Structures are given as structure tokens and as C-alpha cells.
Amino acid sequence: MNNNRMKIGTIIAVLVVLSVLPFLLDSYLIHILNQIGIWVILTASLNLMVGYTGQLSFAHVGLFAVGAYTSAILTTSAGFSFWTSFPIAAIVAGVLGFIIGLPVLRFKTHFFAIVTLGFGEIIRLTIYNWRDLTGGPNGIYNIPFPTNILGLDFALREHFYYLILISAVLVVLFVKLLIGSRTGKAMIAIRENENFALFVGINTWKVKIFAFTLSAALAGFAGSLYASYNSYISPYSFTVSESVSILLMVIIGGMGTIIGPILGTTFLIFLPELLRSVSEWRMVIYGGLLVLTIMFMRDGILGLIKSFVRKKKHHSEKNLLSTGKEEAAIAGSERN
Amino acid sequence: MGDQIIQSILDGLVSGSIYGLMAIGFTLVFGIMHVINLAHGELYMLGAFTTFIMVGVYQINFFVAILAAMLIVGGLGFLIERYIFRPLRNTAMLNTLLASIGLSIFISNLVLKIAGTGMRSIPTPFSDKSFTIIGATISTHRLMVLLLTALLVAVLFWVIKFTKFGRSLRATSQDQDASALMGVNINLTYGLVFAISAGMAAMAGGLIGSLYVVDPTMGLGPGLKAFIIVILGGMGSVVGAIVGAFVMGYAETFTSLFWAASYQDLVGYILLILVLLLKPNGLFGGAKR
Amino acid sequence: MLEVKGISRFFKGLVALDDVTFTVKQGDILGIIGPNGAGKSTLFNCITCFFPPSKGEVYFEGKKITGLNPFQITELGLTRTFQHTQVFPKLSVYENITTGQYVMKRKDPSRTKRQLEQKAHEIMEFVGVSEYKDTTAENLSLGYQTRLAIGIALATEPKLFLLDEPAAGMNPEETKQLVHLLREIRTKLGVTIILIEHDMKAVMGLCDKIVVLEYGKKIAEGTPQEIQENPRVIEAYLGSEALA
Amino acid sequence: MLKIENLQVHYDKVQVIHDVSLEVNEGEIVTLIGSNGAGKTTLLRTISGIKRASGGSITFMGEPIHQMTSHKIVEMGIGHVPEGRHVFPDMSVYENLQMGAFRRKDSQAAIKKDLEHIFDLFPRLKERSQQMAGTMSGGEQQMLAIGRAIMAKPKLFLFDEPSLGIAPIIVAEIFKMIKKMNEEGSTILLVEQNANAALKISDRAYILETGKIGLEGQSSDLLNDDRVRKIYLGF
Amino acid sequence: GCSKGSEETSGKSGGSVETVEIGVVLATSGPIAQTGTWVLDGHKAAEKEINDNGGFKVGDKTYKVKIVQYDSEGRAESATAATEKLINQDKVPVILGTSISSETAAMIPIAQRAKTPLITFVAASDILTAQGASFFSQAAPANKNYVEAGTKTMKDMEMKNIAFIYVDDAWGQSYGKLYPPAMEEKGLKIVATEKFAPEQKEFMTMLNKVKAKNPDGIVLAAETELAVPLLKQLHEVMPDVKIMESGGSIPEELIKVAPDAVNGLVTLSRAGAVTPEITKFQELFAKSNSYKANSFNYSGYDGIHFIVDAMQRAGTVTDKEKINKAIRDAKYKGLIGTYSFNEKGENSLVGNRAIIKDGKVIYQTVNEPLPK
């Protein structure tokens, strides 16, 4: 009980600090925070698949792009405002996620990873080549900011910050509630042992497609925020290397936890910014630090913090793409 | 058109073997160590640079240089396995995948930092002479690539299938603990596998790098492509990797011939997905895993 | 309660099951024995729809279940354990059990969260893993993993429970406890049981009826007494000094 | 031949073997029994170097081996039939057996001869010599695992529950075989749940209770020990 | 570097010399780092020159130049973050960048909002000025200005049947749109059109397909990195064909890496005939760099001088609005021509050309006859 109260207290304190930041920081730092906020939504959505359902998706940057482009096209060519376009963007990305999910979710582990990577790239290349609709490599520019509400002027980084903050908090909260639910438990069971999950009565297919669709819709939502925050989007922002970065964010933070991806996102967006002062060696150091982080923080940043706090005995192996033992085990049971 | 199709068949063969050279090394590490080494492309780049330095700067014989590059990069691969992948062994596969991503960023930027952005090209001893086979032409250099790939595949296939070392590789890939109980030196085996894979990437770098240009970012595309091909072919299978490479090579060649070269990647990905939908374990993937 | 009608299963030319037919009565414990590779696990896989039989059908409470999905069968009240014990490796014992309760919401929506929690504790107590409540499942020894697997299965509240060699790796005392547990499962929970087991003491002591498979064919069926005296079974499976 | 002194083994921070000392003399069959989770498997894995000890020592033929890597230990002559069989699933039965002889430097002919010997012992393996081991039934795999260990011609065998999941008729065979192997000169450390059978064929026995040696003695004595009879023999 | 540079005094030559920080965003790592690095080297050469000469005067004050450069890695996210940092933390009065259109396009709205002049000397895509940002100016010769020079050159090279091959990126696509009508107007016949992906290294099939159409001239639009493998393979397939490249490639680089394949190649160029200023710059450049200056170095060098000129005319090193106005009103003669802008921020630089002959590069305007 006490523990819980402390947790809630911490969360409220963090939220209070977060909400006064625009009064304390300059626009550059607010911009970085805004980027983090948008990416937190994206990584929370990816975490649903990777961390909780155990499916290594590389399609999320593609779905993010779909959200961004839907929103951008609606607001620039069809006269929609952000407020009407973002739900549509989320729905379009969700529907596309569902359609992609139908064939893709039959695959597991590497095959799932590579097929989703394929779909992500197909989305990007379609955007790249469908010039009439998307502007092709030229991208879409002059995407309007959300129209002002509640006295907030979204052309200002500091004001947009609140929109992003609220969205991110809501999405993270939503993910947390979902994970606590029966469906969330089913997702975790699938991650742990998919074939066995069937035998405790989980319709694994349905749960997976639900998770994928939902997570696609969240990615689409993040995309629509991204488009109207930046005013300009181009297919160059949605490449495989971006997929890799968000995956790193989820995992380095500590996947399958709520806070992990937030920490990871913050770390991996701040790190290169901090390194700007050593500009010459920046990317070398970044790459080296990544390797070291993975080698010495198996459970991600969150794991490291936890082992400092010594609250729980840590789990040494995370599950995704496990060394293949479980699969061998279940395959064995099929044979024996 | 007929001539062009024959020519394209030959072109596809060359493209396929170029991809094959990359993919075999990748699939070895993947199949035996269960490590998805996304830094494979960077090893290829290092191979090209090493060859370049030896041939371009020190005027060493091209073939000797490639051989030396294989040894040097192979040795580096051994060290990488020892100090990065071994500590991560037996943890989730994702860890090694991520470490390899970090490694790839590290290596390519380090080379960029040291060597600068400039492009280089490796002088080759091959003459401009080309051969004409039933109306299609192929240069000496490309013919060389083709033959070397064929040779390498044959040797590798034989080693894995029929030698004791090959058997221990397969055993280790299937059950590490049990192989240790049979007396297989796991650390050495993994180190060698990684070294062989790195050496092959280096050979590809020297041979192919001299066809194109050598620069610090040249590994990015081929590394990813190797991964895709390996999955397409069926992971861990050497034959699969080769067949996958040729399927990819021909898909691109014919896209280029009948449509436009710029749609190659799109077609490649669609093909990958279609193949996996029909054969979920890849073209040569076993029924399991 | 369960009718298995003429089931066959082929693996690339190998006949793993050959036209096997039998029935199980409500409340019975049926034993399935046979030499290694006789097709016992394959039979379980066909019944629980892990994969379909090549021929034949299975009826559960009069309803044809062949062709259904495993999760549907679990909902119907048929559940199993695996020869190669299956659990959710990274979850705690308690979480494993509650995951097993997934279907309860469908089966009996009236149950409250508290009731389910209490039930989960009862199950852990029942199968004897309470003291490992917070241990990660993969760190349990094999024997305890087997118990946990039984616990997970019980959490789905099955009417028919199939166990594939649960006593493997247990010592006689533990096997005794297991036999006791299975009896209780039958009497207290009213669950019908099908059991694959090589431990003859357990099988003979527990089962009402035994089916013997060899090379995929049913070679005998009867009470433990009949089976023990069946010369064909002795020759194929028990061996002359089996019960020594 | 094998001497374990004050062995300590940890998984992460949890200690599962506490101060265990035991000894196996040349030519003996020594049985190790204990309940689930007592640490029997862990002990065997530590002997063959797959798991590292955190304290204590293991000496084999006078040489300390607790720091050696497994392939060295295998070379010194320890063969291990692991719990859960661990055959190579995607290799044929034949290749699995060949893997058993991996460290042997004998001629092909000698190896071939031993293969035939295994096939005599387990005709089922001969029948299925080209089948992928992973598709064999549990019992078949167990036979294969034993056969594979014999192929290495070790001086000391570690058996981890060889009767697990095996039909009674074959269990009897396996125990007979172990006895026979012993008579032909092999030393054996046997972990078994089927304590009755194990104690009958063994010379001495240890009882492991949650990571500690609870009892040790002549097998015949233990067979008659009340506590042992109740817990491990089921009388 | 979070100092408020314009206020800070640098103690070196007396107390009165202040430093002006000029913001630069360029991709110096990532897949397209080459051009950015060249431009940056040009910037640095100018910085050094100005400071070695004791700085520059605005009104009666003397200032030194300090370049604050951030790497954008080829990623729009990094470019925007760098821009925000330059504006809000380094508080630079003006930003130069980048060499990549997609990055620059993402930076424009930020600069516009912060009313900070942004000017690119390299990114040539027409989408940049299309945003209609008053604080953005494009000082790179636009593609449409090159088309004129291009068609003229094709005529001069006496190409009859032309195969047109371009890279399928923002820059190449704009040629894909611009060239065909312009060529048709000039009576130049296109027998084949091919586009390829920027990642592509293998061109055999495409080239064999082109070869089947028997062209006598090839018109290329490809950046140096992409052009090299393409030209090498082109040399294998059609050793005798005439080739014109449309200004994406740096001839000195081509000679360096593919000497055999590029003999006789004509490439459009931002730099024209070698002037005394260019010669002087090349000598200066050679002092601190290990390679021979190329036209992207020229652009970088021009960039810093251009800004200094604008500040001098604006009479301020801090007032961003005034500096921006001075930029837009410029008539500055640099190494590659005279920079001036229309109200949309488009420049009026024209295309020149460079001819590779026997390992040498000959620069000229398109009005001069091609060397024999």
C-alpha cells in the first residue's frame, strides 16, 4: 500500500516537473523534449508488440509514416485541421496494420522481423514513388500546426509541448491499463510460450492481431503529431535505420516494462545531442556506447536502475528471440 | 530482346554471385551461432579498405592483397567474437543483434573518421577484355567473381556436409551444451566460424569493392541485403543463401530489364514476402524453427 | 465422454498411429501405455488438436472436436500437459497459474477477481508449489515444473485432463504424491483423466482402464489386471520382470 | 578416480550445491539419488564443465578439472548422458553417434566397429539410422543419447536419469546394460529416480538433499534403510 | 559551444576584436557525408583567411569569424535539432546549410519561425523555395538554370540519339521532369530514359538495355558517389559513347577514382573558367587541405564571404532581419558567379561546364567552344 502511494507520489511529482519545464528551458531543449515525447508514443506502441507480445516488428516506422502522411495530406490538400485529421491518421494506420498483420502474424522470430521490415520498406518505397499523392522524395511541406485551442498557440514549441506531453501521458497510461487487463496477460503469455498459450485457451491469433492493429494505430497517431509538429515530412525520415533506432530505444530502456522505453527514448535522443560538443567523434562514440550499453546493461537502463535500488532480483535473460530453446522444446513436444 | 534476355541471364548470374558472397558468410554466423550480425556489411567494407590500402598504396599484388585482407579481417572477426559476442552468448538473441548494430555504427564511423569521406577505387589486374558467350558479354573481373563464388560455395558445402569439423559446426548450432559434452571446443568453434565469416566478407569486399567504389558507408546496403537473402533462402542453410542470392539477383535484373532499375528494392521486398507466404521457412528452410 | 474413432496419423510415410479407437467414460482414469515411439504422444496431439489426425475423428461430450483449435478445446474443458514440460518460463509460478485462468472469464464470468486469486492459491497449494510462488518458472527444477504445468492445466478447470508422462523424473515418494494428487483431481474436482505413463506402479494403481499401443496400433485394452496378464503386452512392453 | 571436495555451485545469487563432497572409485557404480530440485543435474553439469563451480574442487584421475573447459574434460575421459537427452535434432541418428566419437583419435574402422556394437545394443537405432534424431520418440532419443556417450569410450560415465520416460521393458534393459558396461570396466556415476533399480546395480550411493549430502553408504545398506525405503523406494 | 559568441571578446589582437559565430549545419557523417565535408572545408578555408587577415569590419568594429558546425548525419531530425540549438543556445545570427535537400526542407520552418536567415549553398531542389519562406535563400545553382547549359552542351557535343539516365531522388527527379521537354524543344532525340535508385551499385542490366537502343550520347544526372560505379560499368558496356553529366559530380573526384572511365566526359559545373580568384583560392586551400579544391569547396568558401559581405552591408552582426534583407538584396561576386536572389529566394547562377581530358579538367562557360 505504502509502496503504491509512493509510486503515485513520484509520478505526480514527475508530471508536475514536466509541466513547468517550458518555463525553465530554452526552445532548443523543449524541442528535444518534444521529439522525445513523440518518440515515446511510438516506442510505447512498439513496446506493445516487442516487449509484451514478443514480436520483433520493424514495420512501425512504416506505420508511423502512414500516420504522418495521412495527416499531412489531409491538412495540406483536403483542408482538414489537425484535430480532425489525427483520428483518421490513427485509423488508417490501424487498418493498414490489421491488413499487414493478417499475413505477417503467421511468422515468428526472425521471419516476423524480416517480413515486417519488408512491409515497412514497401510502405516507404510506395510513399517515395507515389509522387502525385505524397510528393515522392520531395516530401510534403507547409503542414499547418494544430489550430489554436484553449489559448494555446501551437506554432510555439513551448505550447506544442503540452499537446505532446498530454498525448504521451495518455498513451503510456493506456498501455499500462491494457497490460494489466486480461488481454494484456494473454499478450504476455504469447510472448512467453506461444504454442502453450493456445492450451490455456488463448486465441493467440486474435490477441496478436488485436495488439498489432492497436499498436499500428498508436504509431499512426504519433506520426500525425510528428507531421504537424515539424511542418515538413519526407520519406527520408522513415528508413530502416529509424526502425532500428526505435527498437534500440525500446530495448535499451528495458522492454516489456512501462518506464523502460521512456528511459530508452530519452537516453538515445539526448545522447547524440550531448555529444554535439565532440562533433568529430560523435557517431564513433555513439556506436561504441551502444555496444557497451548492451554488454553491460542486459536488462536495459531500467534494469540498471533497479539493481541499484536493489528492489528485485534481476532476471538475467530477456525473452525475445530467445536462444531458441523454448521453440525447440515445443517442437520437441510435437515430436515426442 | 532475345539477346538482351540472354545478357540479363548472365548479368543476373553475376549479381547473384555477388550477393551470394555476402550472404554465405552471414548465414554461417546466423545458422551456427544464432547471431544476426548486422555488422557483416562493415566487415565487407573493412575488407575493401584493407585491399585498397595494400593494392592502391603499397602496390601489393591484387590476389595477395585479398588473401591478406581475408586474414586480417578474419582475425578481427575472431576478436570481435571473443570480446563482444562471447560475453553475450546464451543471452537473448536480441542482445547480439543490437550489439552488432552498435558495432556497425562504430566501425563505419571510425573508418569515416580516420579515412575521411573520400571515395577510393581498387586498381585491379584484370584487363578490359571481356568474353562473349552466346551473344552475351562478361568482363574478366565479373567472370572471376562468378567462378570464385562457385568455388567457395562448393568448398564450404563440402566442409559442412562431409567433414568432421562441419559435423561439429552443425552439432553446435543445434545444441551447444550437448556438443560441449561431445568434446567440441565451443569457444574455438564460434571464434573460427566468426573468423571465416568475416574473412569471406572481406573477400567479397576486395572483389566487389573493386567493381564499384570503396567508401566507409559501402557496407550499409549489402549488410541488410545479406540478411534479407538469408531469410529468403532459409536461415542457416548455405544452399539456401546461395539460392536466395540468385533469386534476388534475378529479381533485380529482370525488374531492371522490364521495368525500371529504381524499382528493384520494391520488387525485392515484395518477392521476399511472397516467398515467405508460400514457404514460411524460406526456400530451403527446414520444417523447424 | 471422449470417443476416439479410427484415428490414424502419418509422418512422411511413417505410420505413427494406425486406426486407433477407444472411448473414455466420465470420471474414469484411462491409462495409455506402450513402447517408446508407439504413438502415445501423437495420439494426445491429435486429440487436443495440436495437429490434425490424418484420418479419423474425435468426439468430446458428443461434439466433434477434430478440426477445432487448441484454445477452443480448452474452453470446452479439455486440457493437457506435455511430455516436454511446458510453462511460461519468465513468469513467476503465481503468474503462470493466473495465466492458466485466462478462460475462466469465458467459462464462468460471474467469478470475481478475488475468487480467482484465491482459487489460484488453492491450486498452488494443491499441486505443492506454494513455496515457490514468486520463483521464475524456468528456475524450477524439472519435477516442480511438472507440478506447475499440472497446476496451470487445473487452473483452466478442465473436465477432461490429459497428462503425458507426468511421473517422469520423479522418485517413488514423489510419484506417490502425484498419484495421490491425480486421485484427488478425479474425486474432488470430478475431472476425467487420460494418462500416459511408463511407471507401471502408478499406472496399475491408478487407472480404471488401460489402452496399449504398439507401432501405432491398439494391441490391447482392459483393466490393469487384464493388461498385466496379457502375454502380448508382456512381450511388447512390460517385460517379464517389469513389476519387480 | 573422481573426487569432489566441498563443492559450491550458484545460479546467479542462489546457491544450489552446498559443500558437497563425494568420491567415485575406479570400477564402481555410484548412485546419486535425491528429490526434485536437490541439485543432482547441477552437480553432473558441474563435473563436466558446463556449469562453473563457485567453490571447492573436483579432481579426476588426480587432476583438478573444475577450471577446465568441457572439451578438455571430455578428452580426459568423462562421458555425460544429459538429462532431457539433448540429441542433435537435425542430424541423423547415424551422425549423432558419430558426434559421440568426436574426440576419439582411433581409426575409422575402430569407430565403425563400435557403431555396430551400439546397433547391436539398440536395434531400433539401426532401423532408424537415417532418421533425424529430433523426430524420434522420447525413448528412442534416450537410447540414442546413451549410445552416443558410449561412442566416446569414456572412462567415467555420468548418467542423468537414463530411465526417464522409458518403457519398462527397456528400463530393465538399460540397467542391465549399465551393469554390463561396468563389468566391462567402465566406472559409473548414476543419477536416478528409479532408486530401487539403481541401488540394486550399484556399489555405493549418496543421497542429495537440497544441495547437501544427506546420507551415504553401501547401496545394499541404503536399500534397507528405513528412511530411504520410505522416501526414495516408495515402500 | 554554448557561448553567446557575438558578445564575447577574443583577447588575441587587442580588446576590440569580437567574434561572430556563424551557424553551419552539414551532414559530415552518414551515407552522404562527402558533399557536406567538402563544403565545410570551404567554409573553414574562408574562416581562416578572414581571421588571418585580422577579421572583417562592420561599421567601425572589427570581427573575427567563428564557424559553429553541427553534423546532421543525413537525418532531418538531427538537422532540426541542430538548427534549434544554433538558434536558441548558440544564438547565431545566420545559419548555412545543408547539402541535402530533405534536411534543409525540414530546417526551413524552424528558421522562418525564429526569423533567422537560413541559406544553402549546395541543396538544389526546387522544393526548398517552394515553401515560400522569407528567411530562406537558396544560393545553389538551381536545376532549371542548368538545363539550359545542359541542352547547349549536348548540341555542342553533337549528340544525336540520347539515352537519359537519372538517379531517382529529389534532385535527379527534377531533371527527369525538366530535361525531356527542353531537349525536345532543341530537337534532341531521346532514345531511352532510365532511372535508378540512389542505393544502387550494379547497373549492368540497365546499361545493356540502353545499349540495345544504340545511343551515341548519354546524359546522366548522378551525384559523384553514384556516378562512379555507373561510369565504370558504362565504360565496360559502351566504351565509345559520349557522356554528359548534369552537375552532380565533381570531375576531380571522378578522375581520381575512375580515370579510364571518364576520359572525354563533360560535366556541368557551378564553376566556370578558372579566374585569378579561383587560382588564388586553390593556393590558399592547398595550404590546409590534402586535396585539390573542387567546386563544392568554392561554394563553401563563397558562403562565408557572402555572409560577411551581407553583414557589412547590413551594418550589423546581430540584427537577423537586417542581415536577411541584406542577403536577399545581395549582388555578391563569388568564385562561382554572382549571387543575387529574386523575391522567392531563388538565385540567378548559371551552369558552366567542365571537360575531362587526358587526366585534366578544363573549366569553361557554355559559350566557349568545346576543346578539341
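As written, the chains take the letters A, B, C, D and E, and residue 1 is the first residue of each chain.
To be clear about the criterion, a residue touches a chain if its C-beta (ideal position, glycine included) is under 8 Å from a C-beta of that chain, and two chains touch if they have at least 3 such contacts.
A quick map from chain label to UniProt name: A, B = Branched-chain amino acid ABC transporter permease; C, D = ABC transporter ATP-binding protein.
Remember, it's a predicted structure, so these values are computed and weren't measured experimentally.
Setting chain B aside while the other chains stay in place, the touching chains still form one piece. Farthest from chain A in terms of Cα centroid separation is D.
Computed centre separation for the pair chain A/chain E is 37 angstrom, with centres defined by C-alpha atoms. Remark: chain B and chain C have CA centroids separated by 48 Å (rounded to whole angstrom).
If you average the Cα atoms of chain D and of chain E, the two centres end up 74 Å apart. Put simply, the C-alpha centre of chain C and that of chain E have 74 angstrom between them.
Along chain B, residues 109, 112, 262-263, 265, 288 each make contact with two or more other chains. Residue positions of chain A touching 2 or more other chains: 283, 316-319, 328, 331-332, 336.
Touching two or more other chains at once are residues 28-30, 168 of chain E. Residues of chain D touching chain C in their complex: 11, 14, 33-38, 41, 83-84, 124, 135-140, 142-143, 161, 164-173, 193, 195-196, 230-234. Only residues 34, 36, 84, 87-88, 90-95, 97-99, 101-110, 112-113, 224, 227-228, 231, 235, 262-263, 265-266, 269-270, 272-273, 276-277, 280-282, 288-289 of chain B touch chain A when the two sit together in their complex.
Note for the complex: chain B touches chain E at residues 3-4, 7-8, 11-12, 14-15, 18, 109, 112, 116-121, 128, 130, 139, 211-213, 215, 217, 220-221, 252-254, 256-257, 260-265. Listed in rising order, the residues of chain C touching chain A in the complex are 41, 45, 48, 50-51, 69-71, 74-75, 79-80, 82-84, 86-91, 98-100, 102-103, 105-106, 136, 152-153, 155-156, 164. Those residues of chain C lying in contact with chain D across their complex are 11, 33-38, 41, 83-84, 139-144, 165, 168-176, 198, 200-201, 236-239, 241-242.
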